[in-house]
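Residue numbering begins at 1 within each chain, and the chains themselves are lettered A, B, C, D, E, F, G and H in the order written.
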Amino acid sequence: METVEVLDKFKNGELSLEDTLHFFEEKKYAEMNFAKLDTDRKERQGFAEVIFCNKKADEHLKEIFKKIYDDNGEVFGTRASKHQYEVIKEVISDIEYDEISGILKKEKNKEKIGNIAVVTAGTADIAVAEEAALTVEYFGGNVTRVYDVGVSGIHRLLDKIDVINKANCVITIAGMEGALASVIGGLVKNPVIAVPTSVGYGASFDGLSALLTMINSCANGISVVNIDNGYGAAYVATQINRLACKENGGNDGE
Amino acid sequence: METVEVLDKFKNGELSLEDTLHFFEEKKYAEMNFAKLDTDRKERQGFAEVIFCNKKADEHLKEIFKKIYDDNGEVFGTRASKHQYEVIKEVISDIEYDEISGILKKEKNKEKIGNIAVVTAGTADIAVAEEAALTVEYFGGNVTRVYDVGVSGIHRLLDKIDVINKANCVITIAGMEGALASVIGGLVKNPVIAVPTSVGYGASFDGLSALLTMINSCANGISVVNIDNGYGAAYVATQINRLACKENGGNDGE
Amino acid sequence: METVEVLDKFKNGELSLEDTLHFFEEKKYAEMNFAKLDTDRKERQGFAEVIFCNKKADEHLKEIFKKIYDDNGEVFGTRASKHQYEVIKEVISDIEYDEISGILKKEKNKEKIGNIAVVTAGTADIAVAEEAALTVEYFGGNVTRVYDVGVSGIHRLLDKIDVINKANCVITIAGMEGALASVIGGLVKNPVIAVPTSVGYGASFDGLSALLTMINSCANGISVVNIDNGYGAAYVATQINRLACKENGGNDGE
Amino acid sequence: METVEVLDKFKNGELSLEDTLHFFEEKKYAEMNFAKLDTDRKERQGFAEVIFCNKKADEHLKEIFKKIYDDNGEVFGTRASKHQYEVIKEVISDIEYDEISGILKKEKNKEKIGNIAVVTAGTADIAVAEEAALTVEYFGGNVTRVYDVGVSGIHRLLDKIDVINKANCVITIAGMEGALASVIGGLVKNPVIAVPTSVGYGASFDGLSALLTMINSCANGISVVNIDNGYGAAYVATQINRLACKENGGNDGE
Amino acid sequence: METVEVLDKFKNGELSLEDTLHFFEEKKYAEMNFAKLDTDRKERQGFAEVIFCNKKADEHLKEIFKKIYDDNGEVFGTRASKHQYEVIKEVISDIEYDEISGILKKEKNKEKIGNIAVVTAGTADIAVAEEAALTVEYFGGNVTRVYDVGVSGIHRLLDKIDVINKANCVITIAGMEGALASVIGGLVKNPVIAVPTSVGYGASFDGLSALLTMINSCANGISVVNIDNGYGAAYVATQINRLACKENGGNDGE
Amino acid sequence: METVEVLDKFKNGELSLEDTLHFFEEKKYAEMNFAKLDTDRKERQGFAEVIFCNKKADEHLKEIFKKIYDDNGEVFGTRASKHQYEVIKEVISDIEYDEISGILKKEKNKEKIGNIAVVTAGTADIAVAEEAALTVEYFGGNVTRVYDVGVSGIHRLLDKIDVINKANCVITIAGMEGALASVIGGLVKNPVIAVPTSVGYGASFDGLSALLTMINSCANGISVVNIDNGYGAAYVATQINRLACKENGGNDGE
Amino acid sequence: METVEVLDKFKNGELSLEDTLHFFEEKKYAEMNFAKLDTDRKERQGFAEVIFCNKKADEHLKEIFKKIYDDNGEVFGTRASKHQYEVIKEVISDIEYDEISGILKKEKNKEKIGNIAVVTAGTADIAVAEEAALTVEYFGGNVTRVYDVGVSGIHRLLDKIDVINKANCVITIAGMEGALASVIGGLVKNPVIAVPTSVGYGASFDGLSALLTMINSCANGISVVNIDNGYGAAYVATQINRLACKENGGNDGE
Amino acid sequence: METVEVLDKFKNGELSLEDTLHFFEEKKYAEMNFAKLDTDRKERQGFAEVIFCNKKADEHLKEIFKKIYDDNGEVFGTRASKHQYEVIKEVISDIEYDEISGILKKEKNKEKIGNIAVVTAGTADIAVAEEAALTVEYFGGNVTRVYDVGVSGIHRLLDKIDVINKANCVITIAGMEGALASVIGGLVKNPVIAVPTSVGYGASFDGLSALLTMINSCANGISVVNIDNGYGAAYVATQINRLACKENGGNDGE
């Protein structure tokens, strides 16, 4: 309902003063004492709230998981520990836990659309890759996994480049020097979301080196998210994948 | 032509040894002595090569502008100085120069598609914004400019949020502390490409502060390019805009 | 007593040589072997000494808590561990411990004045927020808590802005990219004390990113304290709140 | 006018649909093509907009100075060059320029209230100090200047401490290692706003060292603004000074 | 014996070929398989080798302690853990351990000369201070300890400045912002060796902030050693103290 | 005169109230409007004030040079430009200027004592070395210059080590990686003051690399001053040289 | 087989379509589900794949060790924990583990060629040195170990310089300030590979200081690998040693 | 002549005392007042001294060029400005200047040996590449130049990889993110010397990003020199090339 319409209805008595005020003042979040759940996000942005579990207190976590599950029939948490899995099982007995990525979820069946490639330089990057891949799937996208194709043996990548090029968006995940993003950026048509990881030692400075590499890439079509932020990359990739799969084409701003 | 097909044609004598070898060895770049122009890029990635003018020698610049203009009937350079404008006018007399952004271009008429919003926090960010906007237009996209809506007076942004939300992609440009990206990230549906700028002083460290802000954003849907890299943001935004405008929907990887 | 007065009294025999010397040489601290308690601080600055418990040896901590409690009838420590709580209970049996903030205190009843808002971006910032809030209360100020109103869902903040604007000073607490300070800075009349927190991961560099954001804020009226320094923010906010509540207006320097 | 009142008046026909919509949609800024002047700031925050001149184009600067001067009868710009002074003289013939601080202003007579001390460690810090002092005066506060009292000769500071302690707020300005802020913080009752400056060489890293010193201060009551940000410190100090001078005491949040 | 003298003696048969070669080739270290003890150091530099215990293997540590003790009748180790104390007790039963500083030593009685002041800003700096003080004493110097006189309550320092000024060298130890070094540097006549400590949190970056403060000090007469390096400060201070106590004055280079 | 004595004299009428107050309030600095000259420094610390010329205004510089020259019969400035030399010549016609070091001075004849070695790694470090050497000489010490003996050809250093070892203190000056300090530190008996210089390029980060090298030195007896701070090193070295040359030995703190 | 030859053979029927395709499409890696072993590396680069054990899952590690051992009859892993040794023993019962370096290997007898010197500054650098030395030996080179010859007692190094100068390549390993590399670089003829280590504390910043020292070295002939990267240095040194030992001299590019 | 032999000859009167002393004390450098030329370097390390011209005074530069030219019949300087070229022409009239690299040289004809590849990512890296290439040639090596083959169009590199693989050593030069080094490292047999360049903007931080990339490379066989240090890379590459071209194979350390 737009403002003019609301005001007209109010003037005509079709809308009470209370409802009219509600329209202008509506909170659009759930006050939970220690937190304010952004219940408007799904409508505003098209994504339900996902829970970043790390360092949350057990009691808080239980309340939040339960509230979101009750409201939506599904729930999805990232960076969960095994202990947190045990805690949430008390309130959602069939919650599922993926130890590699730390994803804790209970997911509705949904039809998947489009295609997002998730590519890693090494095997140590797989934890971040699975956080990205499972998030994409939760948000309703198909995933193509291509792991361990770093530039120290570039023939492994070239062998897979056709498969990667079929995706609407490529999530590229690499630690150490992070050169993989530049090489893929020079070979594919669609956007590359680069995720630096904290894999490495010494002058990798916990991912800073890979982050700088990706931000400075000489290749085009690359944008970057935070170190180890598989979830964030999946979110952007899903936005792009959804746009690519819309039936009647994109907006033209009018 | 695929490998099997080529080999069959070669065996059948439909293809000469020379042509067959050419298929496997084809250079796909123009050797220019001091440079190797990537003439394959348009086919491989859908974008013609753009010239980063900064610090290129006059003679080199002339040759490159001329070669690309002769091959494509249009040419586009970024970070050009006024002096370089004078230099290029000698070989392309009606080249156009935009002093604010440093864009140097001769552009074919082309139909624009979709819509990309280019949003700045302050007026000092406009140079980067115009680099982005003119690049989007050169690559065939419509642009909505929304300038000077930084968070120190957030009502200016809220007043424009509906316009911004109509774009397929939002390029958000901010220096100093760069908080604008997070606020927009929390309000729009489509991807936000964040561009930190070197605007600021003291502890802004020439854009490092804004870059860190954007990489750490608590909002979803944000990915980041290099400091002052308006061109790079425009490239990614164009990729997204094209996907959004494709008639028959996105790939599903099969 | 001013110098002239002292000297006159001394000349007139109203003051002994000993007392006069005492006036000029008075130590104004309690020598405790391993420490020199600044017993003059309350007079000089209006605040009794608060104990930073972290890393202090058990025996030292007991002595200091006891000495301050005996002298003042109340005592207040920050960054205390649960173990330290057990230790101090041996000397002050009814000492109180707040596990979230690590505050360890025994507090006299006191009338509270004015109003200070303590605002956080997320739930993980609450530990720092409670350190600030409890310190304000110990120093005699009223607190308004507004938690979890970060910019990724800015409607939650806008909904609370009227409440926040009623405070004499706003303590704004945020980790990750710390954009909340800028947004509040653009919306309120009174000073904002910004506290970056170490909440975040990757390129947040344990609070450095939030610190830079806040120091570079494009909004006016913001000054910054150390990462996670809820106590320091509370101290400044209390100074401001007291000035705002003084009956006969501020100094004019004459 | 509050929302309920507006709606009632609308229902009663006292307010037209247009005015009612205006209430909800009112822009509160001046659209100037290249900029959006925040005309609401004075009402919202109590301060008129001040112009950061550095790097602004001559034509833009003239328009902005003229618009603000015409609207308010006074105007104030920081970080102005001598060239910009010449430019603005064309539109405001009796504009005044202070070469040391780079302040460019035309100021109404106004009564000054309260007292703010502006203290520097060395003579090289005076440029920043005058930016602060002139800003405080423009915003209507009295200033006490105390220059060149750095800690290498601490008797100079101790000699002035009584004067400094009479201020409602102390702006402390220092480069190099910035230790002055800590010493003052330990001696005064009221808030200290610390301004690190880029004065120094070598490992001062253009003010970073002084910034870190001030953020880590062991003294209480210190909060920090950006390197060389005299204006920002003056803004916060003015907020505090106004609160201290309010006749009927501070808010209590109710 | 100088080269000319050796050669003459060799020619005259006063020195054998073996001894002459020995003069030119002498190793001056003890080969210990995993280490090469610098047995020449005492002659060359006037100090016996001290053992940095941290991270050394138990077996290696035992061998080194024993060898030095057997050769010199005393031995001194820094940064030793309680476990290492137990280990060394097996080979030197009456070795002494100071838990605060981590010093592990068996020391001959020796007459002390001169005077070195060891001054700390806070109580948390005492571990480093004791490392310095015990080292000075081992190297034969008198120590004056002045602890907890940081600048947040500067009257404590001013009360002790006469005592400090009697030392030939002042070791100043401070964490957080490290301002104490500058204040002392401005008040004393003799050299100040500044030791930044890792005491602090947030933007103290484990001592980096204090290190920068001290290196940039506006006061004269200050030089700096590594973070927490009490031993290194004691070494330099001992060199200075010895020079100051030499009976027949300093060298004049001839 | 001590406090007790003053008070007694005051009581007995030997001292007027004015003089007594003067004793307690005496300024000990020269108020110069824009500056407060620390006229007490010579008495307090044994060194007259030296002028850091860089960035001082011409008029200020003239006043300060003249005042110090009139008071002391000599004057010494560092980091002076050729322009400043011309300016000062107007007030002190026979002022001398050393172009390499930027020293501007008029010096009394004085007898030199002791010996300080000034050693550089390369020829580019000579500017800093001469700042140090001339300062030592102004403060009354003898200097031994040993230039261009960096570790890339270590035989040059070994050839000079006997000469260096005769000094009471060694100022070691090096840019790039600054390894010279460690090598000298391992070879000499007396204190080494290390001065990192901004000589170098790339990852030397304007002297940061050399600074870190020197602070982390594995050799003993090294303390460090700011990048390019030849003056500061000379000050400390002079303190040490004076102690070494005192006739009746050092203090013992009693 | 070169391309022309393959095509000719295919045309002549000497090569099947399948084999011809295989030539162009051959994968040259072993797909292992979670990893893609670069089986081509030995042929392409002359080195078999070595396993970086740190953080690899037990099951993955077992599979990889077994596959490489089965294929090559030997296997070599770096950064292995004692737990991983136990795990691998289950599949390769006589695997050998070196606790100091963390090397886990089963090695064929092989003739060693040439000579590589491995030199450390201190005893704490031996872990990295042994990683280097054992890797060189696994790759077939002779090693000369020279440990604990850091610059604080440079005579130890000078005593060994003849031995070091006999090597085809010198691996120089140092933490703290890392000056050893510069000194050796100035004394030897052949290339120096410098390895900074994380040995040190305070401003060594976990090896960053040593890394900067080595990158900025004033000596020639030094190139640098990552902090603690003994393996990487050994790889480069082996390449050089092999070139030096080739019978018929180096390539001339024709 | 070895020590024993010298001593025997001295004893037998075959060698004078003067010559014997000379053997032990020989300076092996040319004392030039402001500099100490390392005339021993050619014998000790096999390379004549090269002049780093940047920031050297004109008079000094003239003397050094002349001395080296007179001694060796050739001379080579790096980082020379056009002005310095004019200056040196006064003493060596036919000196040659290469404007791109800043090389200033007069070179004897010499036979070149072996082969070193110099590879750049972009055209802006050519200045550094020519510094490397001309240095290699001066030191007597053949050079293969391969320019502008960065990873954004990797087919250009793959097309040249056979040529690159024929070199005994590959100098890889890249700015921005520097990914080229990793890709080449994964493809060639012989050592790769990586040179980061300051080409780039924003978060390239003047070459720091490329430096970190190269130091962290996931590929083997890469070692790194300073940012823009073409000369340093050429020196190491020449050492390797010489070893590869030695007729009778490498040392085995015996």
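General observations
Here is the rule we use: a contact is a pair of C-beta atoms (placed from the backbone, for glycine too) under 8 Å apart; a residue touches a chain by one contact, two chains touch by 3 or more.
Since we're looking at a predicted model, the values are computed, not measured.
A repeat of the B-D interface exists among F-G, E-F or B-H. It is B-H, with more than half of its contact pairs matching by residue number.
Distance from the subunit F centre to the subunit H centre is 39 Å, each centre being the mean of its Cα atoms.
Our note on geometry: subunit B versus subunit F, Cα centroid distance of 55 Å, whole angstroms. Per-chain Cα centroids separate subunit C from subunit D by 25 Å.
Centroids of subunit C and subunit H (each the mean of its C-alpha atoms) stand 59 Å apart. Residues of subunit D in contact with two or more other chains: 25, 152-153, 186-187, 202-204, 208, 211, 215-216, 220, 226. Screening every pair of chains for touch gives A-B, A-C, A-D, A-G, A-H, B-C, B-D, B-G, B-H, C-D, C-E, C-F, D-E, D-F, E-F, E-G, E-H, F-G, F-H, G-H. Subunit C meets subunit F in the complex at residues 3-4, 7-8, 10-11, 17, 20-21, 24-25.
The touching residues of subunit G, counted against subunit H in their complex, run 44-47, 113-115, 117, 142, 144, 163, 166-168, 186-191, 193, 211, 215-216, 220-226, 232-233, 235-236, 239-241, 243-247, 249-254. Listed in rising order, the residues of subunit A touching subunit H in the complex are 121-122, 150-154, 176-179, 182-183, 185-187, 200, 202-205, 208-210, 212-220.
Across the complex, subunit C is touched by residues 123-124, 126, 147-149, 152-153, 155-156, 159, 199, 201-204 of subunit E. Within the complex, the subunit G residues that touch subunit A are 25, 27-29, 34-36, 38, 40-41, 54-56, 60, 196, 198, 206-208, 211, 226-229.
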